[in-house]
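Inspection log for the structure reproduced underneath, given as C-alpha cells.
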C-alpha cells in the first residue's frame, strides 16, 4: 500500500514529429467570434496539406467530450500542424477545439506552443482573429497590432489598419505577447466582422493579407464560396432589417451603405 | 527553525492492491442526474462482490465531510473496485462520493484512474450516465457515444441509439476522452431519464445493455425492485398530472402514451 | 540573464519547535459563525499558556494585511500551539486569522496540520465549530459527528447530540476527514448558536464537553463573563422582539420557552 | 513520440542584473485607485534614472496584450528597477502593468519580489497606495501602517496618520506582509484621494513623506504640474457641485472647508 501525490500536468504535449523546418513561421487561428481565426487556420491546414506534429491537452480545456455526427466522441485538444509550404518556407499552423477556461491555462498553452516552434526556428508568430464591429461589411477591413515597430511598419505597408489602443484578449493576444517575451516577433491580424455569423469573408480577408505579409500564395476560393453563402444570409437579414426600417424609419440609416443596423 | 514550500498533490492515490487482471474492462458510474450511473456502479460492486483496490482523494472534491445516519463523518473520495467477474473477465468499477469542483480536478482524477487501469491491462472504458429528457419513460432507451468507429458499430449492433451531436460533460465524458488519448477505447452509455427522480429503471437499462456489450451476466433484479418503487412514484405524479390535465386540457397529450408532461 | 519558473508553494510551514509530546491531542478552532471555534481556541491558548510551534502561510488566504489598533499590519496566518497541559497530556491547538479562500487551500492547510501533529504522536483530532439554529438558546446544546464508531460512542456517552445527516463544510470538516484518511480519529463538536452574535456561551459549552471527552480540566470562567455580556445583548434583542410580538402576535411562540423567533 | 507534463511556472522571473546594492530600500507602486502608487513609482524610475533589473511575467496577470498608440502590443508584466540614488543609498522600485487576477498570483509575485531584494540586502519595503475618502482634499493627508512597532514610531514622527484598524488588500498589503514573514520590515503609505481622478497630488504627498522617512531627496515638481492639472478638474467639479448645492442646499456642508460633497 503506497500513497503519493502528483504534480498537476497543466499542459500535456504529445510530440509526433519535430520538423526540421526551413525559415518557418507560425500562424494561429482559434475558435472565437465569427470563427474568423478557426476557419482561416483550418483552411491553411487543408490547403497546404499540413501534417499534425504536436497534440496538446490541458485540464483547463472545457471538461467534456464533443460528439460528432457519426457518434464518435473526443475531448478538446490543441493541434500544431506543419509542412514545407511553397517557396521553401516552412509553415506551422496552431489551432484548437476550444480555448482554455482559465488565464493560467491560456498562458501555459500559448507558452508551450511558442517554446516548441522557437526550438524549430520560428522567428515570427501571427494570430488571426476577429475585430467585432456589430455591423456587416461587404469588404471587411483587416486591423492589426504587433510586438515590434518593424512588424507594425510591415503590416502598415500591406494595408493593415493599425489598432491605436485597446487590448487583444485571450490566446490571440498571449501567443504574440509570449512570443515577444521569448525573443520572437508577433502580430495579430483581426478581420472585421459583425460577430453575428460564422464569417468566412473575414477569414478570407485576413488570409489574403497574411499571404502578402509572409509572401505565401494562398488560394482562398473555397473560403470565397463559404463567404458567398454567408453573404446570402446577410442579404436576407439586411432585407428583413430594411423592411423593418421602412415601417419604423430610423434617420441616418441610408447614409451608411454596406452596413445594416 | 525551517521553512519549506510544498507542491500541491492534486490527486492523491492510495493503492491497496494492483490486481493481476485478465482481459479486464473498466466501468464507471458517478453521482449525477437521476443517480443513474452511481446506482449502476454500486450495483456492480455489490453484485460481483468487488473489493476496493484504490482510494482517491483530491483537494478539488467539495471541501466538506458528509455525516451518515450513525453520526460518522467522511470526506468525499473516489474508489476503484476490482474482482475477476464470471467467464474469466476482470471487472474494474470506478465510483466516487462526488465529482470534483473544478475542470482541473475532473481531468486529473479521470487521468489517474485511466492510467492505473491501463497499467492493469484494461483496453476499454465504459461510463454510465444519464440522458435527461424531462419526460418519464416506462422503457427507457439507452443512448451512446464512443471514441472509435469500431465501438460505435458495437454499440449500434446492441441497440444503443447513437448520439449525433452535442457533448458529454464532466467525468463521464473525460474518462472516455482521456482513455482515448492514452490509447484505449471508450464508450458512454446514457440511460434515458426524466432527471426528476433517482432513476433505477434507467440504471437497469444501461446495465442490461452493458451486459450485452461486454458479455457479462448481470442480475439486475434488485434494481428492478427499486425501479418499481420509482415507477409507483412516477404513477402517482402521472395521476396528479392527469387530474390537473383534466381540469386544464392540453391538446395532443393523449397521443404520447408512456409519457407525462 | 537567467529565466526560471517556480513551483507554487501552496502552504508554507515555518516550524519553530517540534514538540516531544506525551499522549497529545489536537484541538482546532477557526474563525466562522459566531466565532464559536475561534473564541474557544484562543481561550485554550491563553488558559494553558501554550507556545507557538508552527506558523502557516498560504497564498489561498485572503490577499491582504490586517491593521491592528497600534498601526501594525500582518498578513493572515495559521498558528499551531502546544504545551504539556495538566495530567501529563500534551495539547496542540490550531487556529488561524482566516480560512483559505479555495477548496484546494483548505485541503492543503488541513493536511499540513494533520501531518505535523501525526508526526508528534497525535491520535485524535477535535474541531470546535458552530451549529447554527437561527434562534437564541440559554443553554446551548452541543452537536457532534466523528470519523469512527468508537468516537461516536464516546461523544454520545458524554451528552453530545449526534448529527444524523448533513455535512460539515470547510476546515472543521476537512481537518477530521483528512485525519481519518491518515489513520487518526476525528470528531467535530458544534455548539448551538443563533449565528447572529459572537457567541461565547456556545464556545463555553463546546469547551466543557471537550473537557469531559479528553479528560482535561478547563476553567471557562472568562468565557462565562463574555457569555454573560452576550446574554445581555440577547435579552435586549429578546425584549425588543417580545415587544414587537405583543403588537403582532404569532401563535405557537409561547410553547417554545428558551427560544426567541 | 513522447508525452510529458509540465509544472506550472506561476511567476517567471527574468533577471537582467543582480545589483551589488549599498544599504538599499524597496519602494513599490502599482496600478490601483487614483493611480497614486503607479504615478509615484513611475516618477521615481524617471527621476532617479533607474535601470530595469528584473522582469516578471505571470499566468495570473490578465490574459491579454495591451496595444499602444503606435500599434505595438505587450502582455502585462512586473518590473523591478534599481539605481544607486543620492547619498549612497540603493533604491529598488517595483511596479507592474496590472495586479495579478488571483490571490495566489498576488502572493507569488509579491514573494518573488521580496525574495529577490532580500538577497540584495534590502531591509525595508515601502508600498505606496491610495486611501480613498470619496472627497477631494487640497492638501491630501498620508495614512500608514507598518509591520513593526519601530516603523510605526518612525512614520508617526514624520507626520503619517496611522491607521487604527481595517485592512490593506492586494499587493500593497502582501508585499509588506510577506516582507515581514521573511524577516524584513514593511510600511504602507496611503495618500488620501477621492478615488474619482488620477491623483498626482496624492502621489506627490506620499513621495514627500517617503523622502523624509528614507532620507532621500525627491524632486516632485513634475508631479506638482500634474497635480495642478488635476486640481483644475477638481475645481471645475467643485464649481459644478457648488452650483448644484446652491439649488439644493445641504446643511453642514460649509463647515467642512477643503472638501466637497
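Order as written gives the chain letters A, B, C and D; numbering starts at 1 within each chain.
Everything below uses one rule, namely that a contact is a pair of C-beta atoms (placed from the backbone, for glycine too) under 8 Å apart; a residue touches a chain by one contact, two chains touch by 3 or more.
Because the structure is predicted, anything quoted here is derived from the model rather than measured.
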> Which chains are in contact with both subunit C and subunit D?
Replying inline: none
>> For subunit B versus subunit C, which are copies of one sequence, does the interface use mostly the same residue numbers on each side, meaning over half shared, or is it different?
In response: different
> Any idea how many Å lie between the Cα centroids of subunit A and subunit C?
Replying inline: 53
>> So the centre of each chain is just the mean of its C-alpha atoms; given that, what is the distance between subunit A and subunit B in Å?
In response: 37
> Among the residues of subunit B, which ones contact at least 2 other chains?
Replying inline: 7-8
>> How are the chains arranged in terms of who touches whom: line, ring, star, complete or other?
In response: ring
> Considering every pair of chains, which are in touch?
Replying inline: A-B, A-D, B-C, C-D
> Once bound in the complex, which stretches of subunit A touch subunit D?
Replying inline: 7-16, 103-104, 106-108, 112, 144-149, 152, 155-156, 162-171, 173-174, 176-178, 180-181, 186, 188
> Which residues of subunit A touch subunit B in their complex?
Replying inline: 1-8, 14, 57-75, 77, 101-102
